[in-house]
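Multiple structures are listed underneath, in structure tokens.
Paired with subunit B in one complex and with subunit C in the other, subunit A is shared by the two complexes that follow.
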Partner chain A sequence: MTNSVFSADLLPIHALIEAEQQAFIADEGGRKRAGYFCAYTPPEILNAAGLRHARLFKAGSPEIVSQGERYTQSVFCDFSKSCIGAFDKEGGDPFYHAVDKLYTFHTCASMKRAAEVIEQFVPTTLLNLPRLRNEAASRDFFRSEILHYRDDVAELVGRAVTDSEVSAQIALYNKVRRLLRDFSELRKRPNPPLTGLDFLELVRGFYYLPPATLLTAYEKLYQKLARTHDDGSRPIRLMISGSIMADGDRRLVELIEREIGARVVVEDHCTGYRPFAHTLREDGDPFAALADGYLDQAPCARMKPLDDSLDFSTGLAEEYGVDGVIYVYLKFCACYGVSKLEFLDRLTASGVPVLEISSDYSVSDIGQLKTRVEAFLEVLQGQRDDRIETNSKEHVHG
Partner chain B sequence: MKANDVFGDDLVATLPQITTIGVDIGSRQAKAALIGGGSVHTAITASGVDSQETADRLVNRLLRQAGVTRDDLGFVVGTGYGRIALSYEDVPTTIVTEISCHAMGAHALNRGTRTIIDIGGQDAKAIRVDPENGRVIEFIMNDKCAAGTGRFLERIAELLGYTLEELGERSLESDKKIDISSQCVVFAESEVISLKAKGERPQDIAAAIHLASARRVRNLVNRLGLDPEIVFCGGVSNNLGMKQALESLVGHPFTTPKLDMVYAGAVGAAVLAQRHYQAGHA
Partner chain C sequence: MGEVLERSRRKTSRRRPRTAADSAGLAALQTLAESYSYANIQREAAAGQSVLWGGWSWDSPLIYACDTIPLGYDQLWYDDSRKSEAIAEDHFQVPGEFCSMIKAMIGRLHSDRDNNIKRILHFGSGCEPISSVLELAKRDGYDVETLDTVTAFRTAEKRASGIAFLVSELRRIGFWLTGHPVDEERVADEIRRKNLLLTKVETLLDLRARHPLYIPGIQTKQIFMGAMHMFGNPEQFGIVLDTLIAELRALDRHPEPANYIPLVLAGSVGNQRLFQAIEESGGGIAGWVYHGTQKYDETLPPLESLAHFVLDAQARGDLGEAVGASVAYRRILVEEEVRKTGARGIISSSIIGCPYASLMQQLERDHFSKLGIPLIALETDVHREPPTEEQIMRVKAFVEMLS
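So, the complex of A and B:
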């Protein structure tokens, strides 16, 4: 990110992230570097092994997409193309080139195929993620996959990863997730002290920074934000729901917050609030805790039953008192593109206006994107004005 | 035209006695409407490179038509694809999306409007309108796919050796049903070329293109429910072949207001300008 789109308060955190990424590329300290794609990959194990690690979700550049497109059909989503393109030795991303080992829990069909292409660039371990999240057998199976993952990580670092190390990391990450929930909680205020762009930057930090570094910096920021004085403005409140919003894909939120002046107050996607909604058990078998915790997290739309995802989405919209939802998915997304009608219908039925946007990383549709978002906000503003008018009338006559 | 004829007495009675203009800069054509002195005036031109310059030209033309001066102007609302570039120092101006303007325009021109299908130069949209006040309830708009839009039909007309007006009219002469399977502009184009090579009549190909485009638009807008009365707006609303194809797919005839619906957005903008003026002088 070249120009900062988040508030000045986050500059120190942004600087930490940039420094960590430089250290990752420069191989400072000579620690092995692991990468992963999906929010179903427990970083607890990577951190327990003392690896440098990062979630790989940089995307948004059309050049990287076309780089990846050389290996796929056109009907892969731009994110999966970007993952391949970034690993490609010619013209890829130096951050991805620095990865010694890639872990990927079987996400969607496109990402699985992407990982199989990427195998030619970097050693990759593909792990299974059961989709039927409520079945007991899924939990046992996922636990055994997490054990495979631990063994693979142990081999990478050349030493055993102990149960107590993993347990300690579960407790540490719980603390971090709780803190991010606290940040998000501040957005329930009528005038949130942090923007949606700010929260996305905090999520970047979660996926790039070592948790201990993160806690120190974030706790300080939280204290500051919590004390922010309410200047009385009441921006229109939006939830973004749908597929991944990559690190580098900021144009929708920038449009909403910086051009139109509304606020994203919560995200129902795996690169916003959603990965922080759960807390893991801290006692007993740490691997069972990881399996249960990650299967019980607010589910991605590829998990079954889909009703769980729909319930979470509508519940979140209500909890944060949003005026409207923008449901945005990447073109060709096999999860969020296909289940869009279920989401749209359920949210509409719950009384929340929804705008559907299918998006990619090209720039040619910015005009249409702007028209749609602006018109949606005109509708929401009109509804809010009506409510205020009705309330004041009731007040006069009451 | 007399405002009372175009809008009806009830709406005119609620408007302030002031002159306002709505400017709708579309991707292909720029439209403007003036409301004032009991009349409605309209003007249209090709969208230039410079939106402000195009708008100035339209505004000056309307002022001449209405026989008023710039000083008489109470408010201007800019809308359409080129709306962002609009600003005037001497007249209060605001920018509203074409979705809200089309809704207000179709409401002002026909009070029973519940659904608008709007097909312009590069986009297609459906809007659910509150018949009480002309406000948008819900809308759907295509993304960057141009199938079925004005630009696409222009290209097909060229291929068939028709003007854009002829494309619609001649398609009504079709007596043979051809299936065009492709929904993509690029593929539909090559399908048209091979149909021509097979010796199919251009009238039949034109009808097939309209049906395929209408199907695509119908699929896009279906989720809104499409309650009557339905009004067809935008440049493509003048294409009779497209209108007929859409009506047959939707299963309901469209209501035709008293004004060319290419002006719906501009008229809506001018009505909103009246309301803005009113709010500022209450």
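So, the complex of A and C:
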């Protein structure tokens, strides 16, 4: 085993992702390369057009952040700064430099502004994303924006993207989403056969690998993991909720799983479990299916009503039987920073203890982070011991 | 009030006011601005007048057509802003890094949760902190309605579907306010009325560019705000503008040598003392990029006209973050003002902790340094205490440097 953060079982998948990223940079096959930032961007359209594509969430390094700060100063979240910094031609990230076209939705105001800077570096198409999840007119508008996105993609590849191609991709991506849900289901076991870090690596694959490649590799792995026997240990179970967790921002999960020995069994954020909770309709107009499906997916806190996000979060914590939630918001992320009290109160009211962490990509506060997480986990362990004791007493008396 | 103004207007046509202190127009503006205070409008709301927070900007013709007075969010931090900020941080646990604007908003909404103004209109294209903080206001029983997000990213990208959607959103808001479909003829009337006022504001600003010290910065800011919300009293605002225009025309007839350093201000300066510092050190704000004076297109169906107006403003970088204006293009407006007024320097102002304004300032800094036009970036908060000595010194040093 290398010093990778995920289990050995994930190594072949990791290798596939690395190879795909190299091929992306090297322009192997000469296909146009598209990038996008947000989980509200349907990759179905990009894949239907035969583009090479990736979600751009490679962030976590303080160097790239300071690259971005040449434009933003300090008051943006580190993720949005990283998006700018990675595209910056001086320095930056070769993977981002390889992108021929960026598609980005007006999600949060910071990311919209980031896109306005990035369009100096790469051709960019900005699209609208409604906030209101429950209004028919908002859905129609989103559908028309997706049609515009399709037309733009068609122009990029120089051919039409047909309805049947899009429908086929919806079915294909549904399969992949289902498979990721199946993986996550395994985490409901008392001793999950895959770690939180493993699942994050699978999600990384979803955003970098072509779905056909992914299905072959993931199905095999799923069969193997599903057969794993439970060895009887019962790690503390955690959910992580909050802001986007970039693919290079693993320090919290590493701390929890590799240093402290607890388990992240589910994520309520847009680079963990959340984008896979929903299945899209496969019949009828594919663009209406995309509009409805993406608006109906488990919501980001940017969407309204916020209650939907709170309901989803508490429901997920319950469904996965977590002992506690770590709520992480990136400094300056208004969606999760300003709304945090709503999440904390709702989760606490549902009986789940929550630890709140304000985070960025600097490495200076790791010691303090460790102390706080350890203290939280001690409390959770104590509560669990009490519960076991009470249960066993009830059992004796009963 | 109208009568007093009539009398003073007659006077201005005979006698040219020498200084702002003599100005009947400025005195009337002050009275009008004071009448549009939170306290006054709250009293009107208690007496049964329909009032709502928001809807004071590009959307004000719709709100007036619904017999509702739009109350600007800025009234939320006009008083007690420190106390409100503390409530935001303690009660709502809004993290320290966010701007004083949203904290003052939510804090004040919380302390006033028992008063009569309970409706809030919010435009989804605006900044995230406002969108998120208004979710917290729902806890205190506020009825927050969001006009969903539509943004034109560039002028060429004003898509028909976006216009149609915004029109349907405006209809929905009209229904929310009145319980029935909005009378579009009335919206058209309100648009015509606002256009007349905007034309007057434009004339006034053109005249003022030659006499920037006559209408000081703080009052000019009030005029810009009035151009949007009309202080709840469009007729009276029109009279104020006419009076000021007459005064400026009188000044124009006897031009005096320009004894100030012409400057362009981009954005707003929250604090009166900073305006004074600019003016005391010999600067005169000859050009201002704040809320624009663009007109609504009266040839379009009225709700469509509102939709075009806001999408054009976004793409131009106008009307600020409240409408999700582009940060990349405001510099074009600033550059135009510099050319028009012959300004020697630019003051670019923003609120501390506002990501969007800070990015725009950075882009402007880079752009104007390439053009060799000096620019100073100011950051202030929404509180009314005097600015720090250091801020005042920076402003003074900048203006002195230009002389």
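Everything that follows uses one rule, which is that the second predicted complex is superposed on the first by the 395 of 398 C-alpha atoms of A that agree within 3 Å, B and C clash if a C-alpha of one lies under 4 Å from a C-alpha of the other, contacts with A are read in each partner's own complex, and residues count from 1 in each chain.
In this text, contacts are C-beta pairs under 8 Å (C-beta built on N, C-alpha and C of every residue); 3 or more make two chains touch, one makes a residue touch a chain.
Model, not experiment: these values are computed from the prediction.
Chemist: Quick one: on subunit A, after the overlay, do subunit B and subunit C clash, or do they fit? Just give me the call.
Modeler: On the shared subunit A, the partners fit.
Chemist: One more residue to check, A:Glu389. First (subunit B), second (subunit C), both or neither?
Modeler: In the superposed model, A:Glu389 contacts neither subunit B nor subunit C.
Chemist: Pick one for A:Glu319: touches subunit B only (first), subunit C only (second), both, or neither.
Modeler: Neither partner.
Chemist: Between subunit B and subunit C, whom does A:Ser358 touch in the aligned arrangement: first, second, both, or neither?
Modeler: The answer is both, since A:Ser358 touches subunit B and subunit C.
Chemist: Check whether A:Glu254 is in contact with subunit B, with subunit C, with both or with neither, and answer first, second, both or neither.
Modeler: neither
Chemist: Does subunit B (first) or subunit C (second) touch A:Arg372, or do both, or does neither?
Modeler: It touches subunit B, and subunit C stays clear.
Chemist: Is A:Glu28 touching the first partner subunit B, the second partner subunit C, both, or neither of them?
Modeler: neither
Chemist: More residues of subunit A are touched by which chain, subunit B or subunit C?
Modeler: C
Chemist: For A:Ala137, using the defined touch cut-off, is the partner it touches subunit B, subunit C, both, or neither? Pick first, second, both or neither.
Modeler: The second partner, subunit C, only.
Chemist: Tell me the angle subtended at the Cα centre of subunit A by the Cα centres of subunit B and subunit C, rounded to the nearest 10 °.
Modeler: 80
Chemist: Taking the superposed arrangement, what is the smallest distance in Å from a C-alpha atom of subunit B to one of subunit C?
Modeler: The answer for the closest subunit B-subunit C C-alpha pair is 5 Å.
Chemist: Both subunit B and subunit C touch subunit A; at which residues?
Modeler: In the superposed arrangement, which is not itself an observed complex, subunit A uses residues 341, 344, 358 for both subunit B and subunit C.
Chemist: Could you list, by residue number, the parts of subunit C that touch subunit A in their complex?
Modeler: 92-95, 97-98, 102, 124-129, 131-133, 135-136, 146, 148-151, 153, 157, 159, 161-162, 165, 168-169, 172, 321, 324, 326-328, 353-356, 358-359, 362-363
Chemist: Spell out the residues on subunit A that touch subunit C in their complex, using ranges where they run on.
Modeler: Residues 71-73, 75-76, 106, 108-110, 112-113, 116-117, 119, 126, 128-132, 135, 137-138, 140-141, 144-145, 148, 301-302, 304-306, 329, 331-332, 334-335, 337-342, 344, 358.
Chemist: For the complex, give me every residue of subunit A touching subunit B.
Modeler: So the residues of subunit A touching subunit B come out as 341, 344, 353, 356-359, 362, 364-365, 367-372, 374-376, 378-379, 382.
Chemist: Quick check on the complex: what are the subunit B residues that touch subunit A?
Modeler: 81, 84, 96-100, 123, 135-144, 223
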